[in-house]
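Pasting the structures in now, so scroll down.
In the two complexes that follow, chain A is the common piece, with chain B as its partner first and chain C second.
This part shows the complex of A and B:
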């Protein structure tokens, strides 16, 4: 068992749960956490052309949405060590500060950005985004039993990039807004376009 | 959009004057929508009977028209045929009769009735009636017909028949040959189509079927054309490599003897460039190989990772069940347990860490696996109960849980090993790539030197030739890449269309395969080894890429399921499925399930035609015990040669008589 790998995931999860608590989510469901990290990974490739810093997570299509074994292992570790409390298949809550924000500025910012989008649209909306996510959709349609391939030419990105061009046409000046604002506006656009209802 | 096609619905067969069946010289059999059993002992002509059905539909055609795999141009090969005397060779020459041996097969496409008469002597098509009207055209053997040009073919009956098939079934005659030979007929050779990827000279049915019938067929023609062009240019570029190699060899030979022909210093430079160029080529090909191998390993890892995720999810379910059983076992004792006990146990199982000091501890993992009912810390018994049923249930859940976690750990180990292999490959790749860059640099320097000094040596003509080939080679490669890109984009289009149908198709497959295996089954549409995506069966959560992973009978019935799913998917009107001796490899525990697969296919009005020598009579019994099912039998015992009948055991004959009685009832 690779402790180093587990350690990194522990830090991610502690940071996510801690930042989620700050915006008023006292508890978070483990399957929401799985979806959240999936979103972190898939959308990261859209944000940056460099290597995906969430590469270590491997997701599969399941009835409950994306699922990674690593996330479950980490939650169990954090529960056993009383950093989190709750249940590994239910709601969890943070009860320590260990590991929180022990990561690069970039990683923290990205987690915050995605949380921002989440808080704005609510979890159900995000879940329907995942279900409508072309990459996820293809995996479901093909009955894939291997992990979902989040690569630079993945289908979500192709679609998101198509939207990006259309979206930028709707903005008068992209240079005047911050990166967070950009992403937030962008998602306004995305949701208005691809998620019906 | 998948195409709307009509497959043939068999109505009746009449065999005349065929002395293989001397007691049935004018034998008629009416097909039922249900089970049509062709029952007989060895040598009675079971296989010949089903071959006559096939012959009635498509004549002696063994394989439809197909493109050759040569790169030179799109040469089309002729259809392949069985020999003309395929049936006459089986006649019993001792019996003299008047009149030609022939078969008259009646069938329908949608609502149009066809009656086809073919000679069992010459193999010729004698007449075709469509809704009672005779088609016109001259009679000719298929062998000769295939040698004719398109214009001259049109005056023959074979041509009129092909046109009529296209008109009423929406299938070209080649499509019909394909469907009958590859899908509707599971012959004695028992070749499966699901796993067959066209290697070893076999026919890639999946490729043909899904590219052509789930899509506009033109798209696949374009794709094949692009593929051919890519191969063509690639091979031209290889030819140039070969030419370059010849010059290199020549130069090497000459350089040994260079003093005598007076090669000057300047030319040595060119010599070096060519040598380096050759090294460069070798390295490039080595790098490509490493890259390809790395991809294969990555795919294996991805598959294992996927299996870990799904096993982990199952394990989470089992964990919940275990908790419930534990609570039921002894609530009092449960309360005495540390509230964190359960999560500590999971931490050991999942992370292999001591829950107290968080150090890796494999010994502890083994301990909790073996002493499942004892405390992981002090080894005292913790779940005591008098309730035998609950104890049994508890042990069962624990054993399932143990299996799941072991399977995860094993897969994780495999992934680690593969990852190490990838690291080594990457290291090797880097080293070779470094060398490659150095050589490239050297070549550039030498070329620069040449350009500034100029070369006018005696071998200049050879060097110029070499350069010319090298340039041509590059151009051919560019062309090849261009067509490869086109092929990829067309492939993507085809795959996207198929994707729309995967879940429906997989659900149909599941309904068949699950009734045989009794575990969850589905089809995954995946891509391996840079080929096109294909369907692979997923059985009980595990993807079966190779048929060898299954037992013989599992393999056959998964393949039957796959073929029947195809027929169900395209179902418009009744059709048929012929299986030779489906019971030959069946293990007793699967007989009923096997019968259920066929009965499920018959939920739509269809005909199943099965040959059997009653080696395994309970399979047949399972089929006929369903009284709602229509059932009929070709009594080879009544029509076959006496010698064959006499050689048959009494036991077999009595079973035959029994079945005959049951059909009458």
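This part shows the complex of A and C:
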């Protein structure tokens, strides 16, 4: 990992924590942050056919969800340099505006989109969504320690496309449903499955 | 294909067609301003408890101009005296109160619904009804929303009421009483018909009824799987936790039941053992017998060893439970009797305080079937 890579991740994390505060999440747990960035990356592959703008993140499977060493190092850096402050439980909060929103409009919008979708359910539910994520689930079942492969034909993408196709085959008019809305509806569906147990 | 080949799912979509179209095309619900406002109202209610409903009204125009620092403005709103003392407030894009009144809401549910719906329809306003438990229902263009497309708020509330991981022992105590129900315990034991066959095959001279009474405590072959699945399902149904089974650790040992809290942060595990007699795999003879010395010390050492291993793996292990199903013929003392720290090898003793032997889970085949 070079300095430039770390710098980009620092900006992502500052932006995420800052936007999370705007929806009332004054603090966010480091584990939630790892999971959130994983969802940013995986769901992006459904939203856009272009190159994944979160390609630089690599996640491994752990019992507690996806884990990126890059994210951990960035959080350590930001805490050490007093851009974030944290407590012993891993809750972090923003204390400076350094780097916030210093990225493309597209990247900011995507962060905000996923945050707002998840905000309906609360930070505590992110873990439940992760363990219900098809790609994560497949990765867990295949090999506990391997890197999660977010390819252009990953499991999550296949399931989301299948979800969208079911809408298109069933409803008379789906023109008003954007890809972001499909993701929102998909989470709605997953949450209903979590409730049912 | 999980969805396109699922006719039930497609039927559900057809049934929800109107809701889906309203949600995705009313120009309000999918905007970031609306979503942020809904979330902020819910989060602020969680922080500032209230026993009463509140109706927060905002015009579509003001909502579209919701300020950047809406989180701070919402905080102010919830602590404003005018908000605390009035059931209905209309706010602007900065959550400043423009109008307020304390008129009571209609008591009857449908009437209340009509009342809120009418406000949203007549005046082009968006109405958020905040429940004391922080659920938010909303009304736009004379339509009522709040439930998800695929779930109801009622089922969401029921889910939220499930117990959290710190209540694990409480849930296990409830399970202990469930074990007295015939429908529960019957699945662990050899059925009556098989006992009759066993009597013949073993050449017993005991009268049939007597043989059944004497051997009704006989467990099915490999009962550990049955016990583990039963308790795992019970925990899943009653707790807001993530339950895994047979998770392999780095040293290739397996945890019977692993539990993570809803946040995926704190780890607990349960090692399941049983004592009693089981039938042989071929079903024609008596099989394995386990007694208390299976528990003390070997199972205790095993559990503390697992805790040690999880620490080595830097896992956030809280407590490792040893749970014993006691299906012994006689009522004997608890299998945990006499367990002390000294039974554990010295190098593991530092983790002994994280180990807990639960009182035996007694299973008796009261009325064999």
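Heads up, the rule we're going with is that the second predicted complex is superposed on the first by the 161 of 197 C-alpha atoms of A that agree within 3 Å, B and C clash if a C-alpha of one lies under 4 Å from a C-alpha of the other, contacts with A are read in each partner's own complex, and residues count from 1 in each chain.
The working rule: a residue touches a chain if its C-beta (ideal position, glycine included) is under 8 Å from a C-beta of that chain, and two chains touch if they have at least 3 such contacts.
What you are looking at is a predicted structure, and each value in this text was computed from that prediction instead of being measured.
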#### Entry: Which superposed partner A:136 touches (first chain B, second chain C, both, neither)
neither
### Message
Once chain A of both complexes is superposed, is A:128 in touch with chain B (first), chain C (second), both, or neither?
### Response
second
### Query
Does the superposition put A:112 against chain B (first), chain C (second), both, or neither?
second
### Message
Touch test for A:72: chain B only (first), chain C only (second), both, or neither?
### Response
first
### Query
First (chain B), second (chain C), both or neither: which does A:57 touch?
neither
### Message
Tell me the contact category for A:188 with respect to chain B and chain C: first, second, both or neither.
### Response
second
### Message
If we overlay the two complexes on their shared chain A, which of chain B and chain C does A:120 touch? Say first, second, both or neither.
### Response
second
### Partner chain(s) touched by A:31 [first = chain B, second = chain C, both, neither]
second
### Message
Looking only at chain A, is it chain B or chain C that touches more of its residues?
### Response
C
### Residues of chain A that lie at the interface with chain B and also at the interface with chain C
144
### Message
For a test of understanding, state which residues of chain B touch chain A in their complex under the given definition.
### Response
299, 302-303, 305-310, 312-313, 316, 319-320, 340, 343-344, 346-347, 350-353, 355, 358, 360, 408, 412, 499-500, 502-503, 506, 522-526, 533, 538, 541-543
### Message
Could you list, by residue number, the parts of chain A that touch chain C in their complex?
### Response
21-25, 29, 31-32, 35, 63-65, 90, 112-113, 116-117, 119-120, 123-125, 127-128, 130-131, 144, 159, 162-163, 165-167, 169-173, 176-178, 180-181, 184-185, 188-189, 191-192, 194-197
### Message
Applying the document's contact rule, which stretches of chain A touch chain B when the two form their complex?
### Response
1, 3, 6, 58-60, 62, 67-69, 72-73, 76-77, 79-82, 88-89, 138, 140-147, 149
### Message
Quick check: in the complex, which residue numbers of chain C touch chain A?
### Response
1-4, 6, 9-10, 13-14, 17, 20-21, 24-25, 30, 32, 35-36, 38-40, 43-44, 68-71, 74, 148-151, 155-156, 158-159, 236-237, 242, 244, 247-248, 258, 260, 262-265, 267, 315-316
